[in-house]
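One chain, chain A, appears in both complexes that follow, with chain B as partner in the first and chain C in the second.
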Partner chain A sequence: MSTKRSVTDVLKKNAGALFVAPHFLIFATFFIIPFFYGLVISLYDWHMFFPEMREFVGFANFRRILFETDHIYHEYFINGLKNTFTFVILSVPFLVAIPLMFAILINVEPKGYKVFRGIFFLPSLLSITTLVLIWRWVLNTNVGILNLTLSEVGFDNIPWLAEQPFAWTSLIVMTIWWTIGGNMVIFTASLKEIPQSLYEAAEVDGANIVQKFFSITLPGMRNQLVYITIMTTLASFNVFGQPQLATGGGPSESTKVLMMYIREIAFGGGRPNPGIATAMAICLGVIMIFISVFQSRVIKRLG
Partner chain B sequence: MALRKIEQRKKRISFTILSIISVLWIIPVMWVISTSFKTEQEAVSGGINLIPNDFTLDSYRFIFNDTNNNILHYIKNSLIAASSHTLLYLLIASLAAYGYAIVRWKFRDVMFWFLISTMMIPNVMNLIPLYSIMIQFGWLDKLQALVVPGLGGVFGIFLLRQFFLGIPKDLIESARIDGASHIQIYLRIVLPLAKPALIVVGLFSFMGNWNDYLWPLIVLNGDTYRTLPIGLALMQGNYNIYYSRLMAATVVSIVPVLAMFMVAQRFFIRGITMTGIKN
Partner chain C sequence: MKRWMIVSLVLLSVLTLTACNDNGNDNDDDYLVTITFWNIFTGPDGQEMVNMIDDFNAENEGVYRVNTQTIPANDFYDKLNTVVPQGQGPDVAIMHLDRIARYAQLGLLTSFDDLVEDIELNEEDYISAVWDAGIYDSKRYGIPLDVHPIGLYYNKDILDEYDVEVPTTTAELIAACDILNDPSIDQWCLPLSNVWPSQLLFQASLFQHDGQDMFTDTMYPAYNTQEGYDALNVLHELIYTHGVSPENVTVDEDLAIFRQGRAAFHINGIWMLNGIIDSGVNFGTASIETLFGDTPAIWAGSHNFVMPRPAKVNEDKQEAIMAFISYVSENSLRWANAGQIPANLTVLESQEYLDLPYHSTFANVDHIVFPTISPYFQDSFEPVFSRVTEAMSMGNADIQALLDEAETEGQQRVDEALGN
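Here is the complex of A and B:
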């Protein structure tokens, strides 16, 4: 009797735990376990389909990609990391500044501003494949609308996806087109939260538009700025689909980002090496965590 | 008076700039739509005209009727995967959000804090071990691989909890006093009130699943469950494909998204605003 009552008591007191249990079980299975499992895989010469061939190698995978300068995996890792960083550094400033500019223009609420907002937002709902299909056709060297337009005004055909610096330019432009919608919406909302009276007071003091931007607008939306900068940086570190589908990592592997190497090494043809790929993924993850913490510190200190 | 004039000038300038940029913004899509209605000869002839000289629906006939392509099959797969994922996630996430927002229990806040802090961990670290788990579950090339792992997502729970916290406490307290169980309160009070938040979370999980590229690329091999993004990428890689047909397929892939946006624009905007402002 008493045990039965105590069971129902426990259930009643902890009903909340029952509500979260289904999610937590799935979360544990597909998030927590893989996290630790990944640490294990990175210490092995791992074989996906042949467990008996797995061999513990300690930190050899990390040593190989980080320090063995004559090893091909080290070369892949460094090149991939370099290209990923290039993408992050080239894309993030635009992915923050352009939506901010759009938001300021939309916040003035000219005629049809909701339509403009819709137009800028819409591409962010497209899949990466659709995005690349659209842009490969726009950028097509011989019959794409961009080169056709340029040739009208006397330019030669530009190989947008096959030569540098055009390849990076193209990848950045399509990424801007694809992703700024979300940031723009957040900026627009946070501009509304800045009290109009601050601007009026500044106008009385004779502040010009630039002064108002730097002394009222930017400080007023500091939280959103921090949030957006960090989220955008993290998203850019994950870049994969654009170069994978648009340039194939070319020309001569100059846009082959780390995610492409990771996928290729883990799942590609030949002899896959999931241990090495996992070690690379962990290094990338650690760099991402480190940078987002660093960013939030720096921006908070500046504010 | 002077202020009003300045205000109107600002609006005019903003309108002009936004109009110009908007036109540039739409041109890529217009170019694709225009190509999809051209004959293949016209598409590759180097004409810059957006209105086809020789308007044809051949490419669409190919997409919808020709047995050599599986676009419709891929769309069906994507629909099945994304909608079952979304429905299950709404159920699981709203239950969990109820547990974290409304019910009081011992380790609630610690658990929730733990969940939120795991959002710091980049997904890329889990990719390969998750694949290994799929092998052990026998889920490679199965629908479950597309539907289930994402159900562990934390973000939707965070949004829903945030919304649930805004529901007046009196409402729930008085239902408790009247003897309603938590399940009853969840079903009859919280869920109906949370409809807008559920729509937002539903839209985000649907779009996320519908557009996913990397994960289905890794876990699917055959055509059985292949989703639209992967199918389109395959079609692009096929060198025999006509550009006009490829663009028709692209348009077909845009239409569902566009329709959804038309119907639910305000929910998208509201949802993104919620995530950004709450920080």
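Here is the complex of A and C:
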């Protein structure tokens, strides 16, 4: 009997650890171990298939991609980083503002708002391949629905995926369409938490809609705003599928984002180079950490 | 009671996890040799492959058994990279010809050298170009299943209406297009995609101008030459000087226009055959060996059987693998129906094959040319892809500058890959 009790006691004492264990196992397998393994790889001239040829090179991989300006990997890194930044800067404001706008409209609860909430959320369920296939048939230069419609009203064909600035526009529009639902749901939930009494009080004081939005709504959802802005920025830095499948990195490699280069360098060619690829990934990771810390500080201060 | 349930749940999950790990070999009896086969046929051809495997299994019941898994090509190669070094790869797999040299050099493949003699497959049975292409570093790593060349699809109704013959040279193509282009009814002669498969057209054009894709000694790009310039310039001028194609056609748009019956011609791989039959267009096929230049040459790829390196060699399995490969090769007429050109000559010369409506006219197999077999092909040649796109999407493209850029990038990548 006493053993039975002691087992129960041990279980109870460690209940917290036990609850965390399953998640921790998965987290360790898929995040912590690969993360540190990646750090190690980035310090090596790494051969995936010939362990005996691996050579410790210190920070040579980083020096190469960051400072050796005439090196091909430096050019790839800079071009990839530039394109990734372009995507982040162009996309994040829309990816936050548009779902916010829709959340506010839905929150007014107009007729049929539940249906619209469902419709806006639907694209989030699509896989990236499906998303891009759908949009390609909308945006194709000669057989796309969009150009077909535009030509009815007298426009020339616009190369939506083959020329800038259309290519970026297309990639961003399809990303907005794809991700509107997730952010909108969080915004809608947080809008419900803002006490109605604040709006009533503001109305009594004669505040207009704009004043109410900036003085009550925005500050009221500051935490969610921080969360969404940071998560959206991080997701945008990791962009891969849309340019890979829709533009193939073109035109002239102007939409070839860093993730595409990383994948190619890690796995492609006669001599895959995971050392360089992980070094690039780590540099991107460091940049992302700095930017999200900076963002959260700025937004909190503004609030 | 509750504790008992927890224990059994844990046991159950442990059992499930182990069960996932053993390729399901447990239930087979002792004499049965089971091999795993990974293929990349995700299209309609995949179903035909599965049917062939079922028939093979039925014929060899109790002796051999093939378990197959269909994996999309991109995932397939990433997966091979990770499982083969751990000895967890499949026993036999399908690989594109242009990948074999890389994987052989990385030590991920086993050579067929000791095995091909034991079975009745040899050089005389195959189109010689493709049989030779399976060799890297004087060892055989690939046994060809099929060749998939690019060719010309033409809309019979449109050609009949304008009384135009199928063109075989650039001049004939341009002349035909002058007649067939008709913006008033939204009809195009030959829509050319700037993106996929434009790199295949460029390679075909390069070979037809007697050019080379890469040097086999230095591994450097060989396309920045007069021949390379002419090869790319033809494609550029077809669009911007002769207007055979609308501008800014992107991937699959060329196909869509042809399938809608609004294009007289379409160039694509034979893998598109069933997709074009489905469209209901009344069409024929023709070989393109001199469409861009004077030296007859047709770009082609090939699916090959390869043996990923096993943890330890198992002779029973190797026997089963060879039996399976022979079976599929001898029955590859069925594979032709799935849309490919069999690599096996006996099948190619059979009356049944010649009676197929589209296959034998699609490509003159004597002029099939494969890209250079080298582990560094991708490093050397891939940089030209995006430049081909630029040359075909900009009316004022500077062809020479584009080739210069591609060559420099290719050289740098080769240097890096070789550790120069």
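Some points to look at:
The rule is simple: the second predicted complex is superposed on the first by the 273 of 303 C-alpha atoms of A that agree within 3 Å, B and C clash if a C-alpha of one lies under 4 Å from a C-alpha of the other, contacts with A are read in each partner's own complex, and residues count from 1 in each chain.
Basically, a contact is a pair of C-beta atoms (placed from the backbone, for glycine too) under 8 Å apart; a residue touches a chain by one contact, two chains touch by 3 or more.
Note that the structure is predicted; figures quoted are calculated from it, not measured.
Superimposing the complexes on chain A yields a three-chain arrangement in which chain B and chain C clash. Legend: residue contacts after superposition of the two complexes on their common chain; A:Ile186 is shown touching chain B, with no touch to chain C. Once the two complexes are overlaid on the shared chain, A:Pro22 sits against chain B while remaining clear of chain C. Once the two complexes are laid over each other on the shared chain, residue contacts for A:Phe213 go to neither chain B nor chain C.
Counting the residues of chain A that each partner touches, chain B and chain C differ, and the larger count belongs to B. When the two complexes are overlaid on their common chain A, residue A:Val143 makes contact with chain B and with chain C alike. Judged by the touch definition given at the top, the superposed model places A:Asn157 against chain C, while chain B stays out of reach. In the superposition on chain A, contact is made by A:Tyr37 with chain B only, not with chain C.
By the document's definition of touching, neither partner reaches A:Phe294: not chain B, not chain C. By the document's definition of touching, neither partner reaches A:Phe59: not chain B, not chain C.
Within the superposed three-chain model, A:Arg271 lies in touch with chain C and out of touch with chain B [touch as defined at top]. Put simply, of the chain B stretches 3-11, 75-83, 111-119 or 219-227, the part that bumps into chain C is 219-227. When both complexes are aligned on chain A by C-alpha atoms, chain A residues 48-49, 136, 142-143, 267 touch chain B in the first and chain C in the second. Every residue of chain A that touches chain C in the complex is listed here, in rising order: 48-50, 71-73, 136, 140-143, 157, 159, 161-163, 248-253, 267-273.
Chain C meets chain A in the complex at residues 77-78, 81, 85, 102, 105-108, 191, 194-196, 219, 246-253, 256-257, 260, 374-379, 382, 386, 389-390, 393, 409, 412-414, 416-419.
Taken in their complex, chain A has these residues touching chain B: 13-20, 22-24, 26-35, 37-38, 40-41, 48-49, 102, 105-106, 108-113, 115-123, 125-130, 132-138, 142-143, 145, 148-149, 152, 177, 182, 185-186, 189-190, 193, 223-224, 227-228, 234, 237-238, 240-241, 245, 259, 262-263, 266-267, 274, 277-278, 281-282, 284-285, 288-289, 292. Residues 10-12, 14-15, 17-19, 21-22, 25-29, 31-32, 35, 43-48, 92-93, 95-96, 98-100, 102-108, 111, 115, 118, 120-133, 135, 148-152, 154, 157, 182, 186, 207, 210-214, 217-218, 228-230, 232-233, 236, 243, 246-247, 249-250, 253-254, 257-258, 260-261, 265, 268-269, 272-273, 275-277, 279 of chain B touch chain A in their complex.
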